[in-house]
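Following: one structure in structure tokens, then a few remarks.
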Amino acid sequence: MSWTAEEMMTVAAARALAGHTSCFVGIGAPSTAANLARRLHAPGLALVYESGTIGARPRTLPLSIGDGELATTADAVVSVPEVFNYWLQAGRIDVGFLAAAQLDRFANINTTVIGPDYRHPTLRLPGAGGAPEIAASCREVFILVRHSRRTFVEAVDFVTSVGYGDGPGARQRLGLRGRGPVLVVTDLGVLEPDPASCELTLTRVHPGVEVADVRAATGWELAVAGPVTETEPPTEDELALLRALTEGPVP
Amino acid sequence: MAELVGLAEGIRELVRDGDTVALEGFTHLIPVAAGQEIIRAGRRELELVRMTPDIVYDQLIGAGCARKLVFSWGGNPGVGSLHRLRDAVEHGWPAPLELDEHSHAGMANRYAAGAAGLPFAVLRGYAGTDLVHHTTTLAPISCPFTGERLTAVAALRPDVAVIHAQRADRAGNVQLWGITGVQKEAVFAARRSLVTVEEVVDVLDPRPGAVVLPSWVLTAVAVAPGGARPSYAQGYYDRDNAYYQWWDTISRDRDAFTGWRKGLRQ
Amino acid sequence: MAELVGLAEGIRELVRDGDTVALEGFTHLIPVAAGQEIIRAGRRELELVRMTPDIVYDQLIGAGCARKLVFSWGGNPGVGSLHRLRDAVEHGWPAPLELDEHSHAGMANRYAAGAAGLPFAVLRGYAGTDLVHHTTTLAPISCPFTGERLTAVAALRPDVAVIHAQRADRAGNVQLWGITGVQKEAVFAARRSLVTVEEVVDVLDPRPGAVVLPSWVLTAVAVAPGGARPSYAQGYYDRDNAYYQWWDTISRDRDAFTGWRKGLRQ
Amino acid sequence: MSWTAEEMMTVAAARALAGHTSCFVGIGAPSTAANLARRLHAPGLALVYESGTIGARPRTLPLSIGDGELATTADAVVSVPEVFNYWLQAGRIDVGFLAAAQLDRFANINTTVIGPDYRHPTLRLPGAGGAPEIAASCREVFILVRHSRRTFVEAVDFVTSVGYGDGPGARQRLGLRGRGPVLVVTDLGVLEPDPASCELTLTRVHPGVEVADVRAATGWELAVAGPVTETEPPTEDELALLRALTEGPVP
């Protein structure tokens, strides 16, 4: 069975949710990964969406973070102020999933503007949404993003959500209570912060990907772990469930 | 007590040039019909407030109704960019758009403070982000007990809030359910409020998860069946996903948008 | 995930000598059985927190479990005084009782701050009252935007919160409805939580006005049918008003109380 | 038909609710008066109880502010933090009803302790409850209390809830946004604040009560309005509805 790089990325992210209780989910690849995890190995994983749906069990992939399917299948639907204050800010959520338009070596994220001038951007992006507080307050953060030099940049144009700031100790100085990004899953491999330097370090490549490919797609001089392992390829089960999810309703 | 009004009449009475206007609805129950009525009424210089400006705000901005946007995430959900918003920010078309930009948590707390009659709210947020350099509506604040540094955000107090709900009774009591987002806070934070509803019924029988807004906390209620399309109204109709995709093509191009804008006039 | 435990076991594991303990339930769903189990367990030096200390707190205080009371209204609702509370405050029997006294609005916001992971909350309150002279858990605070003077109250972070609910499912998800008061905030503000329930059911079918607390935000759930008596559990039983009146006679007299206390032991 | 002083007090308070939209109700005489008003002349009056029941229409008098009847008949039941923050503090409620153990000439209220020493009181009272914020935030406050020198005192032992503080301008200086107590209804008559001095002034006596009786029951030198009018006696309708309320269920 063959698979796409996107599928490998989603499967790798879904696997990383094993053992976790709750997940704050954004729409797109994170939602797909979290819903795949619930079907694979984490049936009890509580999905929390910023629309206020707590413990949603969508039978089909939601089209938006406020899909009616999420409300209908949730344990509880709470107000938006409540989901941010009582659930996210209080540190009740295990894993937060984030995307990025730009990402630097300390896993700081930009989803606001491209270009040096905030007032006159080259490209206006959607903005912060729930991301800054997800990055601050979830116990751990996973980042899901496709690998390219446009995204993996030396310096982000705007810090929308804080990863490790300017390096070791920054999160503590800023009063951020979650651990920060512990995993960056891309279509090429997996990066993890070095425990000492907090710098994102390539620890795994997906099958068929060379370390040099990842270096070439990274806009800074990428640190590479002593042993770089290879991701297990997607199993037939994983692929079948993922495709059923992305291609239509699952009973 | 809320007055039962026609939509066109309600918008013309309650939304005035230069007002701060919040249309809320988090993906669900977006008051699109009311927003388009603001365009028809030709309102100008509005300060538009919304956590998630989406198609209806793209339309308002493209139509030149807005002077300023207060928001936390501006996109076409599940599709991509808001091209009219981008054109306004990137190229000042049809007019420059001032931004007051926050995170969702910040916006939600700004509404909650407004709803509670407080001038500000406190949250853990913004520390280390560049958002702090581009808005005057947040400030550091210290806990008087622990000394911890936190962030204060200024309350939102719109002149008028507009939301859409499933139904009202004849006395103007309103009921909405499903994802109810930040609508109660928006209505409570505003000086005036207009609620559009799918229908008026004799009795609002209780429903799981329903929010009820009594008539005496509202200004006006207008019947607008389908008023949340192309978003959805739980129990009434689904999201029209094709419209979201279609809007991407219309909004990319100033001429195509202008054609759409002309078609909107009665 | 919440563990399903026996009531006696749950109380002995979760409530320890010296703990700050909040039993909440605003007139409705008061966790009386759990409170009496704390007396049976012989816990001492507790800092008891509750907006409306009523009969069960009168019992805990009379039994000598408490070192301190954090509260906003202490009475026998609809009947009169709490005589054990008064005896402790007025005469130091069975032991002096330290007070941290607030208004309801202050206590509600203290819980809400705890639930939100904040060290304090802000409200309009206390200005001009003598409460400000007798508690260290409030302080003046200024709005960084308008300069207005408001009041900050310190967050409540109990070691353990105990509430009573109508029911749970087998996974330990809890559902309560009717007047749900400040129970969600108390549970969320606390480090540990125990929920007693009328019954365990297969499925928590949705109910208007219901609050659901997922198993994964709770520590333990214990079945305790009638666990809110003499208060009421909507849909299960009514308030036993005669008990409230009877308690007035028992609690007036130290000997009568001591007799009641002895009868409580198994 | 004869009536008691207590009945006259409740009827007078119920009448004062005419023309009002919403009322924040405490248990006891205020609740009786508000429920009587709904049956008499204010069927649309929204009763708000601090337990979070909004627009309750109890068919019988509630035994407590958290009676199940209130939840069952309310337009909405909200959390206790919400009722205090979004409904009361925001200034959404027309009239707040308060009781008092002690009251001074500026309508400041004590429900906390009797005696000069807070730590060692002669008499420990229940405390503040919702009263301080009702006194601060309702557009107007009505006080319902029996007249006696023990209650109407020269100086309260503890200011639990602020009326007019130390006199004119005090509420503004303290940042209290409601108008404050506009009416004190007792079993003897009605007191209203003098517009200039803010001092409670006897403006009405109930039938059969002399001004001298009220003076004798007041612990300070009571100001008396130029013309003191007499309260209209309870009508048969008022008494019948009141007695039906206090004596048992109304269908």
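A, B, C and D are the chain letters, set down in written order, and residue numbers restart from 1 in every chain.
Convention: contacts are C-beta pairs under 8 Å (C-beta built on N, C-alpha and C of every residue); 3 or more make two chains touch, one makes a residue touch a chain.
Remember, it's a predicted structure, so these values are computed and weren't measured experimentally.
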Labels of chains that are neighbours to chain C and to chain D: B
Pair joined by the larger number of C-beta contacts - B-D, A-B: A-B
Distance from chain C to chain A - Cα centre to Cα centre, in angstrom: 40
Rounded Å distance, chain A centre to chain D centre (Cα mean): 56
Length of the line joining the C-alpha centres of chain A and chain B, rounded to whole Å: 28
Sites on chain B at which at least two other chains make contact: 116-118, 123-124, 148, 150, 184-185, 209
For chain A, residues contacting two or more additional chains: 85, 89, 137, 177
Touching residues on chain D, where the partner in the complex is chain C: 27-28, 50-53, 63-68, 70-72, 77, 79-81, 84-85, 88-89, 112, 118, 120-124, 126-133, 136-137, 158-162, 165, 170, 174-177
Partner chain D, residues of chain C touching it in the complex: 26-28, 51-52, 71-75, 77-78, 81-82, 85-86, 89-90, 101-105, 108-109, 111-112, 123-131, 133-134, 148-150, 178-182, 184-185, 209, 232, 234, 238-239, 241
Complex contact set, residues of chain C against chain A: 1, 115-118, 173, 184-185, 188, 211-214, 216-217
Chain A to chain C touching residues, read off their complex: 21-22, 44, 46, 54-55, 75-76, 85-86, 89-92, 137, 177
List of chain C residues in touch with chain B within their complex: 116-124, 137, 139-141, 143-146, 148, 150, 152, 154, 206-210
